[in-house]
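Shared chain: subunit A. Partners: subunit B in the first complex, subunit C in the second.
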Partner chain A sequence: MHKEFTTGEIPGFVHLYAGEEAIATGVCAHLRPDDYIASTHRGHGHAIAKGCDVYGMMAEIYGKRDGLCRGKGGSMHIADMDKGMLGANGIVGGGPPMNCGVGLSAMVRGTDQVGVSFTGDGGSNQGTFLESLNLASVWHLPCIFVVENNGYAESTSDRFHASGVDIAKRADGFGMPGVVVDGHDFFAVYEAAGAAIDRARGGGGPSLLECKVNRYYGHFEGDQQTYRAPGEVDELRRTRDCLDAFAGRVTAAGEVTAEDLRRVDDEVVALIDDAVARAKAAPEPDPADLLTDVYVRY
Partner chain B sequence: MVCVGVVANPASGRDVRRLVTGASVFDNAEKGAMVHRLMAGLGATGVDRVVMMPAGSGVSQSLHRHLSGRTGHLAAQRLPELEVLDMALCEDARDSAAAVRAMAERQVAAIVVLGGDGTHRVVAAHCGDIPLCALSTGTNNAFPELREATVAGMATGLVATGRLGGDGLVRRAKRFRVGVNGDAVVDSALVDVAVTAERWVGSRALWRVEAISEALVTFASPSAVGLSAVAGAVDPVPRTAPFGLHLSLAPPERAPRVVAVAIAPGLVTEVGVLEARRVDPGQVVALAARAGCLSLDGEREVELGPADHVTVRLVPGPLVIDVDAVMAGASRLEMLDQATTRRADDGNHRPTGPGQQGAAPGLVPHDADHPRVRGAGAQGVHHRRDPRVRPPVCG
Partner chain C sequence: MARVITFQKAINEALDQEMARDPSVVLFGEDVAGGQGAGGELDAWGGVLGVTKGLYHRYPGRVLDTPISESAFIGAAVGAACSGLRPVAELMFVDFMGVCFDQIFNQGAKLRYMFGGKARVPMVIRTMWGAGIRAAGQHSQSLYSIFTHVPGLKVAVPSTPYDAKGLLISAIRDDDPVIFFENKVLYTVEGEVPEESYTIPFGEANVVREGDDVSVVAIGRMVGMAQQAAGQLAADGIDCEVVDLRTTSPLDEDSIYETVEKTGRLVVVDEDNPRCGMAADIAALVAQNCFDDLQAPVQMVTAPHTPPPFSGSLEDLYVPSAEKIGEAVRRTTGGKVGARA
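For the complex of A and B:
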């Protein structure tokens, strides 16, 4: 996407998830198809991890008729109700209230589904986030509020936008557990998310999981990132890359061979390349599509 | 100038135990408030400067709110100067290590640590013989104590300024030196070392006791939380004993002895114990090789393959200030008496007790006219010094 965006073929903005992959993967690995997630503007990773069709997602990013939202949404509105993906979200802090809706729905219907919302550190300053924590706690909803704290609210460092308190600590004020894990470490995210999801599914109520992480690219593609120190990203790629760390540990432990990982990498590259090529060649929506799927009859 | 270092770990008290056990929440604002109260105790006992590790995530903000909001009785108290170390932060354990090294260069007379067992482990690995005042920021710890920071500050100040010296005020803790594959990886533990079958360090915390096959403890306290409590339920070993304990564990159905212990706050678990053996000072214990994780002081730290060899040796640990002993000694020596205390021979009533009949053995009053030296700070404890103890000069 970083390269493709420069061709001008992708309408609107894209916000890349690179560097944060361990979070969506570690969380969504525990979710069932009938669980729901509410994503963010940086939602490509969430969509893939929740099982959305990669070609459908890519076609949506390119605004094509084959897209998951028939090309009406683009990168920031990738939704797939069949997969429990309530949507990437152009509204910062827009996911947590939807998460409460999922939780309330599961509670009223008596199912053991859970909801997960993803929010950034910037989103965690929105009233919607704090109100949702309160509501979920008051109603004891099966919700997990994941905060992907990548240190920047758009271009503002958390040193300037947060009150200096771990975001997880905000959970204390609403009477729910809040924990911090290293968002670069798949195993740390996986274990903590598993505990939070088991807790919610078992009737234990909501919790907040703050994942400390970094992003490799700007807030949006085209962001000059003048607010970041020179060499910051290079250093992060060298020392904190979650994919390298995962590969190193599972191969050292003898669980997976380097050859296995190469094969997976090849498959993923082929999948993405194919999805991009097909999306670029896919038909545009026509005027007749303008009002389809817009109005719903109750 | 007498300096005391302060390490307040902003990251402690936030691990997964809040989800999987009933572990307490310890807010960072409270850590900042604790440092303020600590400074009051240090200032009252004559400490000139506090050298503090930079602590984000609300600790520094809370401290500065308290420092700038001092009015009334608080404003009249003398506080040490506050120096926050100018250092780049990694936001992990390396910060504590670097801060302690910087404090050692500044020749601090003591270091107060606010954190859990893990924080203390890191500090102890780098502090040498600088005495520690170990304060717990939560209920999940065995090494540090949960106690009021003001009093801990007073005790630390009395030791750091050298105004109270002698035996029994500062004790030598124990420590395990841990080597993986010889000295390829070297680490340490203050309370316990364990091998768990869990393959990944993951979220670090150790609470699945059924996965633990071996554990060593420096002390075994039945009233502790965690592996020390397991050992303590079988064969208590005081902190002051020269030896430790090595346990072989097994699932309860396969163990000759099963004990119920608080393995974590809110989590009382049955633990099967196959065998408990004493570990003498200097003795090298080789742990049985297995794939899993090596846990140090309750946190998974090193992922082990089946061919990795772990050796553990019980060695002398850090010096730790015994706050109760210091305050009791200060009381016996009437060092807490204010200059305005009226003397019994003035004809006025002045309470006395068995402990006030004279200096306790091993405690050292600083000078002949003890304890009624005048001229100390109006609000503080007498600023006098044990001549046998030369406090270092803060650089």
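For the complex of A and C:
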């Protein structure tokens, strides 16, 4: 996406998830198709991890008729209700209240579904986030609030936008567990998320999970990140890459070979390349689509 | 004669009947139970004005008090509606939309379109509106124009107990998000309301008084005000037709054009502020679509371009009155009695 965006063929705003992959995968590995997630503007990773079709996503990013949202949402609104993906969201902090809603729905209907919202460190300062923690706790909802703290709210460092020690500590005030994990470590995220999700599914109420992580690219594509220290991203890529950490650990344990991982990489490259090529070639939306799907019936 | 109940009781009955009929209907908001978990729970409030009284005990687990956190619980209504419930959320006063509007207009209203038709958001937001009880600037506004402006939302503004029940039942069964406006002055007004469940379709205006000389199109509480004016004008030989829009989104444009075609004169009565409001919108539609039928300029009777004042003497000037409607009607007839003559 980063390379494709520079060609000018991708319309609008795109916010990349690179560097944060361990979080979406570690959390969504525990989720069933009928569980729900509410995502963020940086939502590509969440969508893939929740099972959204990669070609459908790519066609959406290119604004094409085959897109998951028929070209009417774009990168910031990729959604697939059939997969329990309640949408990327162009409003920072827009998702947590909806997370409460799916939790309430599960509770009232007597199912053991759970809801998960992803929020950035920037979103964690929105009233919606804090209100939702309180509401979920008061109603004892099966909700998990995942904070992806990548250190920057757009360009503003968390040293200047977040008071307190950890965002996870905010959970204390709302009577729910709040845990900090290394968001570069898939296994740490997987274990912490599993505990929170099991708890919610079992009727134990909501939890907050703060994953400390880094993003490689800018707030949006085109952001030159002049506000970051020289070499900061290169150093992170070299020392804190979540994919490298995962590969190192599973190969060292003898669970997966380097050859297996190369094969997976090749498959992913082929999948993405194919999705991009098809998305570029896909038809534009029909002009009549401008007026459809505003209402179910009007 | 049919049974007579208040506007407020009609709303309670609509909620009661829909909750009994459909287990996916849930009701939540500030104080809608009104004492959940408190020492006096048995006599729970049922909303600040008692509109939802009694429902908490009848539907355990489905009538929920909320924290005073409109963004969270209105957003929760959106999420719940996307995932199998038909939530009815109460935003106590429409004036409070300022604290939660994102969840209404950027989330609830848009999900279906942004998601290419895959989402359904069958939620109702019930809210109190209107001036007249000396509640001042932050508890007296109309504001339905703002919601009507937003694609994806439907907006109902009932004027009678009968309409309140039928429109609310339609709203709850509707698969789109509906903002349901309950006028606080009308709550105690009584009217004939059948005991059985019934629906009133959205987008169909109601001609509440037939007449040949001047059309008066009105919304919500102003429908009664227009009827009162029409009664006074009839004594002077001016025969008004009064049309109640019932819903502002969808808007029954055809009924507006039909009545203008019939009378050639139009007065729009709207308690909302005048700029970019329903009255201006309707005047523009009529100018565009039936200009040739007009025998006089369209008149708008609205609140002034001010916040609602507190003082009773000022608030009475703020709200359109039967007298002001009468003056507007006379402006369209040029003072002539029996306009068509």
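Following the convention adopted for this analysis, the second predicted complex is superposed on the first by the 295 of 298 C-alpha atoms of A that agree within 3 Å, B and C clash if a C-alpha of one lies under 4 Å from a C-alpha of the other, contacts with A are read in each partner's own complex, and residues count from 1 in each chain.
FYI, contacts are C-beta pairs under 8 Å (C-beta built on N, C-alpha and C of every residue); 3 or more make two chains touch, one makes a residue touch a chain.
Quantities reported herein were computed from a predicted structural model and do not represent experimental measurements.
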Simultaneous placement of subunit C and subunit B on subunit A, clash or fit: fit
Touching partner for A:Ala288 - first (subunit B), second (subunit C), both, neither: neither
Subunit B versus subunit C, judged by how many residues of subunit A each one touches: C
Which superposed partner A:Ala229 touches (first subunit B, second subunit C, both, neither): neither
Partner chain in contact with A:Ser163 - subunit B first, subunit C second, else both or neither: first
Which of subunit B and subunit C A:Val138 touches, first, second, both or neither: second
Shortest CA-CA distance between subunit B and subunit C [superposed frame, angstrom]: 24
Common interface residues of subunit A - those touching subunit B in one complex and subunit C in the other: none
Subunit A-touching residues of subunit B, taken from the complex the two chains share: 10-11, 14-16, 18-20, 25, 27-29, 56-58, 60-61, 91, 199-204, 291, 303, 305
Residue ranges of subunit A touching subunit B (in the complex, touch as defined): 163-166, 168-169, 172, 177-181, 185, 187-188, 190-192, 195-196, 199, 207, 212, 249, 252-255
Subunit C to subunit A touching residues, read off their complex: 24, 26, 28, 61-62, 64, 66-67, 69, 71-85, 87, 102-103, 106-107, 111-120, 151-152, 154, 174-176, 203, 250
Subunit C contact footprint on subunit A (complex, rising order): 36, 38, 67-73, 77, 79-82, 86-87, 89-91, 94, 96-106, 108-109, 113, 115, 127-128, 131-132, 134-135, 138-139, 292-298
